[in-house]
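Below are two complexes that have subunit A in common, paired first with subunit B and then with subunit C.
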Partner chain A sequence: MLKVRLIPVLLLMNGRLVRSAGFDTHQIIGDPLHEVKRFNEWNVDELIYIDISRDGGGFEGRPDHKVGGFADVLETLEAVSETCFMPLTWGGRIRSISDMRERFSRGADKITLNTAAVDDPALITEGARIFGSQAIVVSVDVKTVDGRDQVVTRNGTHATGLSPVEWARQAADRGAGELLLQRVERDGAARGYDLDLIHAISSTVSIPVIALSGVGRFEDYAKGVAAGASAVAAANIWHFKELADRQGKSALARAGVNVRL
Partner chain B sequence: MAVTYCTRCVYPSAAATPLTFDAQGVCSGCRVAAQKQEIDWATRWSWFEETMNEYRSSSNYDVVIGVSGGKDSYYQTHVAKQLGLKPLLVTYHGNNYLEDGEYNLNRMREVFDCDHIIVRPSVDVLVRMNRIGFRLQGDMNWHGHCGIFTVPIQIAHRYKVPLILWGEHGFMDLGGMYSMNDLVEFTAKHRVEHALRGYDWHDFTDEGLDQLGRPELKEGLRAKDLLWAQYPSDEEIASLGVRGIYLSNFVDWDGHANAELMTELYGWRPAQRPFERTYRRVSNLDDMHENGIHDYLKFVKFGYGRGSDHSCKDIRSGRMTRDEGIEMVRKYDHVKPRRDLERWLEYVGMSEEEFDVTADRFRDPRVWEIVNGQWVKQNIWGGKSAYGPVAGEAAKVPA
Partner chain C sequence: MIAIIDYGMGNLRSVLNAFRSIGEAAVLAPTPDVLARADGIVLPGVGAFPEAMVRLRDGGFVDALEQEVRRDGKPFLGLCLGMQLMATESLEHGRHAGLGWIEGTVVPMSTAGGVRVPHMGWNDLEVVRRDGILSGVSATPSFYFVHSFVYQPTNAAVVSGYATHGERFAAVIESGNLQGTQFHPEKSQRDGIALLRRYAERVHAAC
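Then we have the complex of A and B:
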């Protein structure tokens, strides 16, 4: 049986890592590299790194800090991939095949699409044809809008009218290798994953579903697996607790989940 | 990008504690402070009691508390004693105590009936670290940040006491780095990245400075000089399960209230002599430079100082209006603290000119510009002002 992967997600905003809540409240956690170095020392299976900058994307750094700034997002990616010893998925502001190529050439192992995949679903197919399905992750953000669950894009601000299950099926059919599934309302809420959503999506598609948003306790991971996720991810909790890798993995193992210890 | 200011407190956007701003221009520090009003503190306290009970020991200390001897140290110890715990008090002593601070520190083992370990590094090593810290990062007090965030963990590991009780989380309190719902705990990552600005003890050795490409800063320090600065490995932390929790996640933390209560209950003493750079007399008694030239360097770097920090705290807790805070900024932030500066220059054997020239290398270009040989910046009360000449030939000296 395949081992369940435990994946930290780092969110980059204007050149610095942030803590996020509800996709609209952000607090600066630190520079783009420190946490990556820490993950190298830890038992982490993969890393997902998403640029959620609304503008610019660079950060000048500080003359009194050891880690300086980076002019833009691509320069940040290059430094992250040089630092990072684990498989790296990069997302944010990828709108075309050439954007994808740029990310791969700077060290990303996979890319994740959100807005562009909905705006132009053919991009999934084209990306998978050129780079392979294993390299294309479609990120599905779900939010309740007008009383029903819809896929949202543009950092969670734009309701598409698409049903999450329908969209997940379409993304898989078009060649996505994995889905990264988020529930906007649970982002930063620390109330656990949306298990019904995970179940609905993972029982619809045969590709791996990575559960994200809502983890508040390490025990939440195993519930995501039980609901059907192939990999469990979280962002915030990695920033707040010491040895979040071991604590997460041992909580999974205690619940009987097969993980790489 | 021009510096903007929080619309509720007085923090500038280019603050040392990283801030974000919401659509109303309110900073993350104020937002997190406001969150505290919605917390059910009775529930939080019950969580705290549960956690402390998990760590009660039949034969060992129950908890390590890192104490400076300040109002908050007293408060943390007071809370632990109230729960009937046996704390082990641990202090990093960086050789910069104010007399009142030392008095408070030395009384802790009397008034609390506690064992107290005070770690005092070699003064010669400290002087060298003061110089390296200042020349490398514009911060002579780096040794203090390192000691405070290393020594209690080392002692916890050596004495096999897995729980450490911290007071408030500085970056969360000032800048709102985390949410009150995160129940943030102490991490080695936070220590290096924020408390130590990315540097660690090794960077202060000759070997480390060679690796940094700064051999001119070498002071002859070796790893063996810095044993107190060496953080335990992940394996050591994991094997004992060392965990550091912040009391400010579980009680409605208020520094002023702590000071008043501790004075009343235990005869804790605020600074008897006013500080040069702030109106507040109850903070930083463990290190004279914290409110002195260490803080003056924050003004040199980012254009603000303790006048702003303390006003922000007092505005958020309702003790001060924003306008009153701005008056404090105006009065204190720019002051070059003569008394404190002279002590330090003599302590480390440096000229004031070298101090000024070195300090100028850390000016943040988002904040400062040179106009007619003067450092000029924007003011929170509007307009721009000059804050003294560019030092020596600083403008021509490569960084």
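Then we have the complex of A and C:
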């Protein structure tokens, strides 16, 4: 039987691994490769790696720093893929088919689109046609703006006016293979997932929905699954709790969820 | 040396990385002449069946494979779409002939009972033959799958492992020097690496 996936999310900002809160506060936590090696040793299900570097922020992973050692983000991807024998989704600053191709050729199995998908939805279809739907993940970032839930882009700074349910349906119809669902207000807040949002989106589309944003306790995962998520993801808990994979899987199994132990 | 056919279908890099991680000399083969120098040949692939056959044929790989794999008997491993391409034909986007090495048809997965397709994620492998490529995997192995079509071989004896997603389908096929997996061993952590290691041992034994 198909298992529910438990997925760590790593955020790369200007060459360094960071933790994030509310999409706008970031704290450097380390080396872009160290965590990947740890996850690989733990035999984790899958990895999502998102480059959230801001334009003009430079790339700080120079060899004279203690962290990184890579000249640019694509070199980081290449090094990650050499250490990672699990499915790897890469996101951030992907704007075109050639950006996608570059990332696949460096070892990504899937790419995730956020801003570019909203700006040019035809890119989803074109990407799916060339690389297959399974390789195109659309990241749906949701935030309450002007009293209603809207899809946001540009690292959560730009409200698009799109309804999350409508946009999710459109992204799936256009050929996305999965949706990565984020609730901006819960990013780094450790209050649990937005279960209503997960339910609304996963009951609208037939493609898998990966829940992200808000996990503070390992028990939060199973609630996301019960709300309809096909996979449960988190970022901070993987850095700040011991044995995050084992404990997360155990909590899911205790709740009766079929996981790969 | 293991040659990984580079015909523009999917993430070859990860297959290369996986073999290199276990100390195997593996190279990408963008042209068929590399296959003649190889001891083992791996056909990976993600994407659509007809497109893959066109690329193999146009790239001159079909003739080279007939020579190296069918006549010379080099150990062959097809991954995902690469396994399906060994079939007689596929019903993906019409009806298209495959390499025709192991009789059978590639058909769409059934969505009966509300099963989500593509079948994507980790699933259990029901091992029915452990003396071949599956001899090194754990007692209750699971592997990473991404696909919407399944291979239905005419002769069930070629199936070494099944998986179930709605329907029960062939996940590992072995017949002589031909081997294939519907899942992605290069993305399946320890069990996947164990399978690739067993294939590599087979390549060494043959050369």
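By definition in this document, the second predicted complex is superposed on the first by the 246 of 261 C-alpha atoms of A that agree within 3 Å, B and C clash if a C-alpha of one lies under 4 Å from a C-alpha of the other, contacts with A are read in each partner's own complex, and residues count from 1 in each chain.
To be clear about the criterion, contacts are C-beta pairs under 8 Å (C-beta built on N, C-alpha and C of every residue); 3 or more make two chains touch, one makes a residue touch a chain.
Keep in mind that what you see is a predicted model, and the values were worked out from it rather than measured.
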Notebook entry, point to check: Regarding the shared-chain residue A:131, is it in contact with subunit B (first), subunit C (second), both, or neither?
Noted result: second
Check: Which partner does A:71 contact after superposing on A: first (subunit B), second (subunit C), both, neither?
Finding: neither
Next item on the list: Tell me which partner A:240 touches in the superposition: subunit B (first), subunit C (second), both or neither.
Entry: first
Check: Thinking of the overlay built on chain A, is A:27 touched by subunit B (first), by subunit C (second), by both, or by neither?
Finding: first
Next item on the list: Classify the contacts of A:230 with the two partner chains as first (subunit B alone), second (subunit C alone), both, or neither.
Entry: second
Check: Can you list the residues on subunit A that touch subunit B in the complex?
Finding: 16, 18-19, 21, 25-31, 34-35, 38, 41-42, 60, 62-67, 188-190, 216, 236, 239-243, 246
Item checked: Interface residues, subunit A side, partner subunit C - complex -> 1-5, 40, 43-46, 81-82, 85-88, 104-109, 131-135, 177-178, 206-208, 230-231, 260
Next item on the list: Using the touch rule from the top, collect the residues of subunit C that touch subunit A in their complex.
Entry: 10-11, 13-14, 17-18, 20-21, 46-48, 116, 118-124, 142, 144, 146, 164-165, 184, 186-190, 192-193
Check: Which of the residues in subunit B end up touching subunit A in this complex?
Finding: 18-20, 22, 28, 31-32, 137-139, 175-179, 181-189, 192-194, 197-199, 203, 234, 237-238, 242-244, 301, 361-362, 364-366, 399
